Amino acid sequence: MAFIPHTEADVAAMLAAIGVARIEELFDEVPAELRVKSLAGVPEALNEMEIGRLMSERAHSDGIALSFLGAGAYEHHIPAAVWAITTRGEFYSAYTPYQAEASQGTLQLTYEFQSMMARLTGMAVANASMYDGASATAEAALMAVRANRKSRSARILVPLTLHPHYRRVASATAANQGLKFEELPYGAQEGITLPDALARYETEDITALIVPQPNFFGRLEDVDALTDWAHAHGILVIAVVNPTALALLKPPGEWGARGADIAVGEGQPLGVPLSSGGPYFGFMTTRMEYVRQMPGRIVGRTLDAAGKEGFTLTLQAREQHIRRAKATSNICTNQGLLMTAATIYLSLLGPQGLTRTAAAAHARTRELVTALTRVPGVRPAFTGPCFHEAVLQLDRPAAPVLRALAGRGIIGGLDLAGYYPELGNALLVCATETKTSADIERYRAALSEALQSVRAA
Amino acid sequence: MSNVPADLRYTKSHEWVRALGDGTVEIGITDHAQHELGDLVFVEVPEAGRTVKADEPCAVVESVKAASDVYAPIAGEITAGNPKLAAEPEMVNADPYGEGWLMRLKPSPGALAAAALLSATEYQKVLDAEGG
Amino acid sequence: MPVSEKVVFEYSRPGRGARDQWPQETPAAALSDLPAKLRRARAPELPEIGELEAVRHFTRLSQLNFSIDTHFYPLGSCTMKYNPKACNQYAMLPEFLARHPLAPESHGQGLLACLYELQEMLKAVSGMEGVALSPMAGAQGEFAGVAMIRAYHRARGDLKRNEIIVPEAAHGTNPATATMCGCVVREVPVGREGDVDIDALSRAVGPQTAGIMLTNPSTLGVFERRIVEVARVVHDAGGLLYYDGANLNAILGMVRPGDMGFDVIHMNLHKTFSTPHGGGGPGAGAVGVGARLLPFLPIPVVGREGERYHWLTEADLPQSIGRLSAFMGNTGVLLRAYIYMRMLGREGMRQVGEYATLNANYLLKRLQDAGFDAAYPQRRASHEFIVTLKRQARDLNVTAMDFAKRLLDYGFHAPTTYFPLIVPECLLIEPTETETRDTLDAFVTAMTQIEKEAEREPARVTSAPHTMPVRRLDDVRAARQLDLTWKPTAQP
């Protein structure tokens, strides 16, 4: 039974109370021709033991490989306490905190999350999460159009060094509202956005500039120069940042002379497992002056009728359930459970733990690049510092090399041929604090063999 | 029963208009409107110098329950937005026809005459029909 | 319940930390390549607390919440049914958790099999030809649906169709979504018995109509009895029908949206298919389409060739409305929905519709017998129904909000209040199929008690709640004096 507790006696008593003979009669308003005859496409029910077995078999067949993939989702150690607490029924099965008095746990936790994200990004205020980093970027572009009163063009400059999927999501989500995304090229040697890419926009009406840090290649952009240029031209700056990296890198609130205007990114690195792509969460922070343009839920602290502190959803008048057609966004559900995990994660790591994690990831990636570039036929694609990912160029196509590595239980990285064909045989590799020197050596040895076997073929 | 001063003109969307004698008009929302919205938490007024068309949304009044657009009753150029409302939005609730004014506007030539503004009696009829 | 809990920053002491969770320190030399001007000057100001302190703090916070695991939660349109623990346990098997979204398909056949089968089961229960799983919430599913409708008309060269019709009682996401898709919204009224006004609809459709967004049963908790006619009116005018799946629980296994004439639907996996609400999310808004809209599905979609599963992307679906998620949507949520649907099976789907409807009708009848007014007394309840308290508001000066707050003191989460907007002082009540008759009876008893209190001691109700961690909160103050982040010397 579908978790239905009713006994026959219950059903009989309930039908009697309603005044019908059978449950079937309760559907008498539904036209008979619409009634389902059979659900042939749905298999017979499995009990918990049976589904448990099926899922275990499937999981086992997928296995766990040694992975050097980054590209927007990062493997980090997640303390056991994070999900032990996050999956407590009181967090897991609670609803959106619309009845504030019954939801002080979720609301206070959200306030703590907002506080942490504001501090991490160096901005004034945060919302209670968005679906993921890509949709947060799209929403930031829409927000910039609302917030930038001096610009009417709705043209958004997007570096090609921003994650290709983020660019596609922004376009799919925001193009219908009249936004125009224009791509900025990157320097072939440097792998970052160069000043001369901006030159042709000197006298144009541009609404916002997106600045990723680190960028998709792991390279560090010149965020101060880009931010100052944008502000000098009345353009808002949207920072797309990695939250772990922010423990070491200058946060968007301190970019250039005035700081970025909106900061977004993917929150998955903060205590959320890779879980085959989701659920993750997007974060969004901004200046106080733009708080009313920010989509999504926001929690505020206030007093109750007895003068005691409490927390509640605020600024809801901007949201869909009140403003309807004029809402800042149609977003309703957020990623509350993941935000919960991130808040617990950040509390357990603290400033020292997060800084060490970022530093270790950086060091491991440098070690990885050094080791792999010792293999003949492998060289770095770009000059200049990277953070926890790097692009390597191979003297053979990456796809067969990756297949050979996969055969040895190693997921070597992301083949960039489909995304950046101009980079040739390029591979995006990543190492975080979860990789040891032994792991890296294992990769190096396997890569050496794989390249030889591909060469020989 | 809400307050409807006899010496003002009104719109169906619950704005009031007061001629200021120097050719400009002052505009706000009515007592009925502020009561429907509840305690205002934020008011956004237009900037001086902005030109607006009749019925163009040009201000926002936000309460906990709702955020409503305020429509320009007449075409013209905004000469001022009430600077006090940024810090004290509740003024609109407390004194909707006085200190709670939203904006002042210089009507375009002929716009004031052309605008089909309601008298106090006509506006009261609108309220009665709405049950307010 | 604990009475309150400090904000986590208030526990901070310099130098404290959960040291077992920290990686080894990295020598400064390893960071030497990072340019000084790009470095953070000071470490971020995060809490400095030990592990037990953190565990205690967040555990105590959790105890300040109501949740399905602890309380009856009859929120209309939210479908707060039991979230089976098995769904969580098996979705969180280590191999599923460890898998990177961009890992090779060869290493993900087990996962892809689950997702493919989920697509197939959702097609079967919805009566649709194709399903995409990547929209990450109902609202994103709605966006995908309306975007596909637009894409369909554009592909046919019909560029004038930019109007979306919604009933006046529609959920706020519907008009918000239409705007996000660059459409204009036109509302149509609903009749006295809760059905869409067909005459008004016939006058509203035309060459500018892209489509109509409907929920069935509607947001008023009643079945749209003339849905076949509605579909005909809209289709004859050249528009398409979009089904908002928020209320699918009422008809699961009994009626299929595809059979009602809908061209595209979104399903809320976090409602009908029992994935956890998580304090506000994550959800998943899978979309289903009829044959006309198949080419426009958002990518990626799981495909199968023989025994092998693979992702279909832009190359396979060149007319797709595009990518809505950085990766493939809320995969962990999809796995939970899959496990739930496998545990229900064919029979279980039908039982959901049956028992959700039985529970709602029983609760409606008992509340009516106790003297409460249904908004649509002449109609059957679907899986939910509306009680209006406008009489109590008028006679006793006690509102739906007051009842909602007092219910908290009785240990029940309040139903949905003040939605739909067209019914004054309303409670939208959805018990779901996983509640016992005893719980429903206890709820009726509580409502009856509260009404008596409203008559004899109204202050008890109008100043409720009294036994929660906080009293009623000043949300005007919250919006006027914005305190959105903690500051060390902040006073509220």
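Per-chain residue numbering starts at 1, and chain names A, B and C are given in the order in which the chains are listed.
By our rule, a residue touches a chain if its C-beta (ideal position, glycine included) is under 8 Å from a C-beta of that chain, and two chains touch if they have at least 3 such contacts.
In this text the structure is predicted, and so the values were computed from the model without any measurement.
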> Which of the two pairs, A-C or B-C, is linked by more C-beta contacts?
Replying inline: A-C
> Quick one: which chain's Cα centre is the longest way from subunit C's?
Replying inline: B
> What is the distance in Å between the mean C-alpha positions of subunit A and subunit B?
Replying inline: 44
>> Report the inter-centroid distance (CA atoms only) between subunit A and subunit C in whole Å.
In response: 20
>> How many angstrom lie between the centres of subunit B and subunit C, each centre taken as the mean Cα position?
In response: 38
> Among the residues of subunit C, which are close enough to touch at least two other chains?
Replying inline: 475, 479
> Which residues does subunit B have that touch at least 2 chains other than itself?
Replying inline: 41-42, 62-64
> Do you know which subunit A residues sit against two or more other chains?
Replying inline: 317, 322-323, 326
> Which residues of subunit B touch subunit C in their complex?
Replying inline: 38-39, 41-42, 62-64, 89-90
>> Under the stated contact criterion, what part of subunit A meets subunit B in this complex?
In response: 292, 316-318, 322-323, 326
> Within the complex, which stretch of subunit B touches subunit A?
Replying inline: 41-42, 44, 62-67, 69
> Which residues of subunit C touch subunit B in the complex?
Replying inline: 475-476, 479-480
